[in-house]
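Chain lettering (A, B, C, D and E) follows the sequence in which the chains are written, and residue indices restart at 1 in each chain.
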């Protein structure tokens, strides 16, 4: 799987948020998308999904997916974990997970028993309406739900927000494993310590444009980038 | 048991089941999509008129199959070109749209078929008595109507149990975009659900129109009662709607059969004239029409989730 | 001297699920107390029970010595308790100023008043405007539902501190903020809660250690440790249940 | 700027309201404008619940009807000499009745918001309606009860017999009510009501009991609806159980929504337009209900902010930077839509004439000169051509519109 | 010269619309005839202008105000006694408050007795016999049926229906105390869709006959339900000749359904038959209300006598005698109620003319002269001025 993005623009009404973004994500890679608040990282993910007004070329293994509706994009193998969790509050944890598995059957990869055994808390709460879960639990659920479609590329937005440190470690391990099992990850993450630890490449964004694109090592080696674009 | 009681019970059952047939579609639409579809009874009316028109060409049996399909298609169009456009503004906008639609459908029906009742009659085989009880014939069509309603109940329940449509729609209500981003075509799903719900109304119309009367006011009169059934039955519960329909059907029918002034029922003498006397001398049949609404209000106060609902309204 | 908040033996069950199991906790007047703990430990649930959003299954909650468990939120609020929510819970069609004045009405002695014009309460309006400035809310005349996420979080905090409540409960006030914003918010919390009692839940250890003078750790519905920040940092059980590897704290 | 424009328009509307019936000298105009004034009070009172407090009521006719019957019964008492109060003051009793009923029923209805509230009010409304049909002694059955507004103690030497006098009486009451309701939205209760509308639970954490807030707003709405009902019984001098029916309840929803529930004056606009349409359109076309329905649906789909929303947009446009360009765009769109609308109207009119319901024969006369005959197939080509042209223009316009691809 | 306009105010929408439209067609046809014959008052034409009463008294009151504004002098209505009552009051108020613009109300079909008794008005003229008159004649006829022992009264729950029930009960009680009235039932107006529960009750009561004033859907559905249930009783009705009723009853009604009316399709009078035939020719449905023709005849007579002045027309109508082809009709001056000959009919297949193409029509089995419609009145007529 290779995702190639070129000249991606996006708008909210009249505000032009993405102004020509180019980048790539290779198979099995974890790519961290960094930037200050409000530079358009979440919008980039939404634009890939087709959830905002957009223009540009997005190629998934050579096929254009930039004119598709979100559900069609998902059927091509992308999955999305939104920053505000978006669990279905009236459905139980289990039902939430079932909906994630749109293929309707468990094949190879990730299955419901898989994720439930990995996060016993979710298993305990299987029959509880997702709206009653604690903030952190909802975050986990949201991620597991998207995972069950066994995507080829996952777009994950701020997965560790509101998680306790111990849980953060678990999520970090999960992401690493997702990638290890062959699914590429495009990760938006506030906490640099985590992002840098698991990502193989780093994208830095400022005002709707990419200003840096290189390996993690190169990023660490260039502290001025960090100072200029990430710190206030 | 007196034959009047048996007949009243049977009539109540038949009416209740017709109500159920009509409201099962709304239960689907309302509890799944949250759309308080004021045009639902209008789809019922369309089903009746189309059934009438078609039966002249194709005969009754084909007509009661095609008519619901046509109504379903109309429903799909309404969802696709109307509701979908206002969906983002919330349920009230949807409600108001269907409200206006009910208006329009009534006008169109009058334009095409005139302002008085049309002569929609059942085939003779259904009009023949099924049995005769104490000199009163019980026509076959009532039994037929009951059978269709029970069949519908089974179909709907199986449909909801075995598919995840119910879950999806419920999820999509609050977070349609998220459902889309899990790989489902939400707009199409809504259209389908709405079409199926409308088609059920159409079926009720095709049968009910022939059994009762097919006339332009039929929608307006049944409109509010359908909501009572859905709310009393409980949001999301087809079975609840079934029970509620039966209760309302029975109450309405028995009140006519065993009409009595209130004071007499409570064992008092005649209250004479004036003052509160009027309230006392009201008879059971006279208050029958308000019983469903009383039931509605009491349900909402004391048991907001209805008879078998899964969540509060 | 009575404590600001005193929980004795409170428990919460949802059906068969026991989420809080006999928590005892004393929050001294004018202290800044943080509750930390793993996700799903029951921190928000605890807040909900104190503030009246949820009923307690058993146990007693005292606010300045008075029992308040199972009372309606507005009754508890009137006794001098105010809170914010982990998941933004505002008035989307009101502007920031309107939201803040609404929060100031009752404390200013204006109740279900339908006879005097709002416009006469000029000082209220000015205080709200000043507060919006302090919170760094960019636009005060757009509906708050259209504000950016960070502004909404700030407003969430603002509503909690706008009233003159003596006790303030903050549920993850800095969630979703980057480090600088979190730092700014920390200062804001410090200044606005001056002289009042603060109880907060927070996962950002910078903020916790920067604000709290006492910390309690909640895990699986029980308090497993309570103490000063230093004691908590050193507590092995806490390390294991919550903090995980040391590196993440920094 | 836009503020002054608004004030100017309100002043203009007021002046028109005072002068027009007097200048026109037509009792029908006076009656129509009385109806509008009553409808305005009624729909603004509805909007105190819906627009301000977020409570959608499907049973608001209950208070309108109760007020109307109360005032009617009192008027009869005055007519019979059993009560010596100037009839002009009686609408206050309608308000009082609304107050009492609102408190009693509201304490049940406002426990819950949302759809539950909508359904419970619908239930209460239908309950009251059914009950009133049953109690023929009090409500007069189908024929209703009637009285004479001129038979009673005089006030300032006025009998209120002539329609113009009656109109000014009603106008005075209406302005008083509208003023009070406007004021209410500007008080702390009004503010908190909007907070309750947006998020009742959180309002509770601001120390206000959302239930009390809802109840107070509900009662206020009931009071003014009761006064509106009382005014209607002065105007018509007859009330039937119709006044309590779902028709009235839904009509007030329609009027408020068409007018726009986001603005105080939206419902006033809606009430004016709808009342005017209802009483004049039916004279000009058999298809008036059809047009009314289409208009309503079109408003919902294309102008969710209602008339007030359109108005605000228009003011913004007129006071904005490129007002000429905007005006040109609007004019262009109107021109493009014209053939479509014309074709549709012609088609509808012909369809009604061709249909069984026609009471006017099959001929349609246009501008005095052209005659179309619905029975003649050729006549149908006229609307046909208009529609085709309209659709072509629309499609062309859409093709010409800027696409997102062309931006940036 | 301007035509003389008559406002026709009847339901043209809603469940009663078909009755209103039927009336309107009758009006237009009757007026056309007069206009063809040279109009009235030395050559002025008559014009019928339809208005929708929406079957609502309140709407109608409003409408009347508009009519006054637009200078209408003649208002006519028939469907719904409650609307008529409202019109009477509104006309009274208008004529006293607005003496330059008086109006006359011509009622062609609303037959609640109150309208010419306690609610009577100088400005209201009723051209149909009211319930007490009809019932007096009908019960005379019933009284002759010696086999009848048990009768069931079922009527619509509003002023007209109650009038029928009350009249039938008291008059039957007087004329045939031995007949048991097994029920005096009232059902909601135009709301019942399924009369089966009522039929079960009628059956259970053991009634041999049903007397009902029901009209429109309330009659057709009642009879339809009875025929589906195989209920075998005689029907005494006032409106079974109206739209759709005969079609709905079909053979179940033959020799079972009796009706009282001022004319029917099998009366052997060439002039009226030709008139009805011409109507059928033009509109394709049956002429039913001969009283509409009589009413316009009387109006034309009044206009010819005194010209287009409503006050004078009212005075001329009051007490007017008019020669119909079936005998003399008189507008009683003491209450402005017409008296005219009436016929009791029964449905039969054995008739030259049918209704609605069913092959079934009415045939006379008893005639009542105009005088037998004279019943006492409580009206205290107040002449204006």
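In this section, a residue touches a chain if its C-beta (ideal position, glycine included) is under 8 Å from a C-beta of that chain, and two chains touch if they have at least 3 such contacts.
Quick caveat: nothing in here was measured; it's all calculated off a predicted structure.
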Problem set entry | Fewest hops from subunit C to subunit E - one hop per pair of touching chains | 2
For this session: Considering only mean CA positions as chain centres, point out the chain farthest from subunit C.
Result: E
Problem set entry | Inter-centroid spacing, subunit C versus subunit B (mean Cα positions, whole Å) | 49
Problem set entry | Between subunit D and subunit E, centroid-to-centroid distance (C-alpha), Å | 37
Exercise. Could you state the distance in Å from the CA-based centre of subunit B to that of subunit D?
Worked result: 30
Seminar exercise, completed: Among subunit D residues, those touching two or more other chains are 133, 289, 357
Exercise. Can you list the subunit A residues in contact with two or more other chains?
Worked result: none
Exercise. Hey, what residues on subunit E touch two or more of the other chains?
Worked result: 12-13, 17, 21, 188
Seminar exercise, completed: Listed in rising order, subunit D residues that touch subunit E in their complex are 26-28, 31, 35, 133, 141-144, 146, 148, 150, 161-163, 236-240, 242-243, 279, 282, 286, 289, 357, 359
For this session: State the interface residues of subunit B toward subunit A in the complex, per the touch definition above.
Result: 164, 167-168, 170-171, 174-175, 177-186, 311
For this session: Report the residues of subunit D in contact with subunit B in the complex, numbered from low to high.
Result: 56, 108, 111-112, 114-116, 118-120, 122-124, 126-127, 130-131, 133-138, 246, 250, 253-254, 257, 287, 289-290, 292-294, 296-297, 300-301, 304, 351-352, 355-357
Exercise. For the complex, which residues does subunit E have touching subunit D?
Worked result: 12-13, 17, 21, 24, 50, 52, 56-58, 61-62, 65-66, 68-70, 80-83, 85-86, 89-90, 93, 97-98, 158-159, 188-189
For this session: Spell out the residues on subunit C that touch subunit D in their complex, using ranges where they run on.
Result: 51-53, 72-74, 77-78, 82-83, 85, 89-94, 98-99, 101-103, 105-107, 110-119, 121, 159, 163
